[in-house]
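Accompanying notes for the structure given below.
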């Protein structure tokens, strides 16, 4: 099943039309500007970060909170926890509803991990964002509207694949987070024009598949 | 009200709503035998066109057997839920079909409307629906009932274990029962059609089944399908255990007289079961029906067999039964000739019963003089399962050695469950897992091993 | 968003890597061991449970399973039993058969086989030619009028029908009863005996006809006797005996018991639910009830290569 999508499973989607100011503050929102919260949990964190960013492009909302849970969905605290809680906030409950709808569309049809081996045990996230929203652009230190390659893989695969991606196209590393992340993966944001980001993402995915096929090469030391 | 339609320049006129209902019916040999069927396919469509424009109020005003002549008509009319009826009375039959099919019409909404529908309305809309229409709506209807276990939950399909024996040999009955249980069958009921219709024999079989259920702690129900008066005597005089009380129903007072029953008699039986029945309840009755039963006693009043069948359900719902079962191919080819007719009838009856709020099961079966193949019968079982049928029958190799017909086998039940990812009732499911007959919903180490049951 | 750019890119890479096949490579093929032979329970080979069950029931028990389905042998056996039943229903009594066997040939108002299945009402009345022939040729005023008929199995009628008719006739005559002209009716239902009996003025009409086949049993005969036959008699007016064949009640024995039954009807001048058979139970055996069915042996139909 190499490079087949592993579809993210949305575990809960809830909406608080008018949240308490204390709650707003605790989750990084600004009670002066934000009234309404939209919450989502999902069993895949990185697609959800992308989907949260997507929401900011479709509605007047801010991503005020987004955190991965320790060791990922396999060790969730409850059936609805998954591996991430994301919170969007807005002044208008309808805008938050719009944002949630865009987020769910993105999780259903666009952002997802892919299997890098036949068993489906190894997951890679070689995602190209054609136009950054104002959430990930802030995280990555890039301008909204720019393309970006969002690359995630387990530690050894990531390390080899990032090298391949950086060499495959005219891209610069906007941010590299070596392992372990909260979920024990590693990730990088690469910046460049869209063809370069795409070439880098494809090279990244190809390299992860290659590592999966030949983990002990070039030779057993 | 002009009962008229024109197709390709030819006008078709109908003399009464009863005639429209009959001629709108899908082709059935029984309607031809009764002389009420449409002449041809075009006249059938014309009748359906007229039917689609009738309102539910008009159907209520024109029951196929007059109020004055028939206690079932009176029962339905006098106990109809007026509030639910008012919500739908101005719909045409065509509009009712579309309302039922709409995605926004959930099972809960159908359940709310159901007490306001008469059997004629259920039969009417049935005639405008294709087989898959019938399945889609049948699947939506929510009917959940409880006796010793809980039947009809989503994702569940149950079975009646039918361990009949030509001489009521109790050892033979128990041997078939044990084998059926080891295939995961019997969560709807362990129900025996007796060869001898006596209270003593009824009590003997029930007592033996009760002991088997106690010994193995099986959360199900038992029943012996003798005449209701015989069961009443077994219960009240012999004081045997009886989880469910059974009776065959027909769609007119006259036909029920031929069965030796009346509303008053079944009322009495129901009251007795509420007092003396051994199942936890609240649902304690078991009824069987089947298209053609009214005609077979010449008590169909010129109505078609689908409408008469729906009227059985109007009778049955008074008693909040645990099981209702249409024995769809048992009556013979003079009523349902071919596999296509038997298939259609099974889906119709399931739909109409569910629409009227009953926990419908189906004995998908044929007699050996009907024109239906074993493969067609197997297909029908899957269609019924997909339509949300509450339960099917189960017998060794599907062969009833007492009644001489072919039904669902012990092997078919786990097969259909496997195909449709469905499970038995939750209580029985847990017992099967505990007994090692099933493991995580799949055949377990003791599957098919009758010696797992003592 | 209509399409996902990343999904398209990764699909192209998958194609380029030759990994388009959605299934993983098949595992190396092991040697396929034949499963244990599971057989239809016969006398020579059956499970412990099947053996215990066969003492109490003819239900097919202890046959095992393959997954949730039947073993091949069970499937074949089942299909053979089904084919036997269907063949019996489909068979028609040949037109010359009755005359060839010295019987007066009659037929009902049914004109062809499908109509016979669909119109039981037509199978209960004689056609005009038969009525005329019966009036012209049959003996009148007898004690017992026997009628052999096809019913739902012409196979059974042509099989042990003549033996049953002969045995019944001999046993009746042995008891001093007068027996009418032997008749044979085609496309006949049980109630046809009412009209025939009335026309010939018989005191008892006895129709011996092929019964609705069961699985593997297309050769069973049933007999229905009615006192003072006339159109309008119902099932409650009759006494019947079923399952007459070599594996149930053999024709010889059945003929004797039916003659006892006929004699009782003539003595008590009634039949059906009103007939008191309590004193005759031992003579009657299974004919002592109104609808008793004897258990029958289940036989293996398919033998390969023997």
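Labels A, B and C are assigned to the chains in the order they are written; within every chain, residues are numbered from 1.
Here, a residue touches a chain if its C-beta (ideal position, glycine included) is under 8 Å from a C-beta of that chain, and two chains touch if they have at least 3 such contacts.
A quick note: this is a predicted structure, and the numbers were derived from the prediction, not measured.
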item: Set of chains whose contacts include both chain C and chain A; value: none
item: Label of the chain whose CA centroid is most distant from the centroid of chain A; value: C
item: Chain whose Cα centroid lies nearest the overall Cα centroid; value: B
item: Euclidean distance of C-alpha centroids - chain A vs chain C, Å; value: 71
item: Centre-of-Cα separation between chain C and chain B, whole angstrom; value: 27
item: Inter-centroid spacing, chain B versus chain A (mean Cα positions, whole Å); value: 53
item: Sites on chain C touched by chain A in the complex; value: 1, 4-7, 9-14, 17, 19, 22-25
item: Chain C contact footprint on chain A (complex, rising order); value: 1-5, 54, 105-106, 109-112, 114, 118-119, 126-128, 130, 198, 201-202, 205-206, 209
item: Contact footprint of chain B on chain C as seen in their complex; value: 48-49, 52-53, 56-65, 67-70, 74, 78-79, 81-82, 85-86, 88-89, 117-121, 152, 212-215, 292-295
item: Chain C contact footprint on chain B (complex, rising order); value: 29, 32-33, 163, 165-167, 169, 171-173, 175-176, 179, 183, 195, 332-334, 337, 367-369, 374, 395-397, 399, 401-402, 404-406, 411, 414-415, 418, 443, 447-448, 450-451
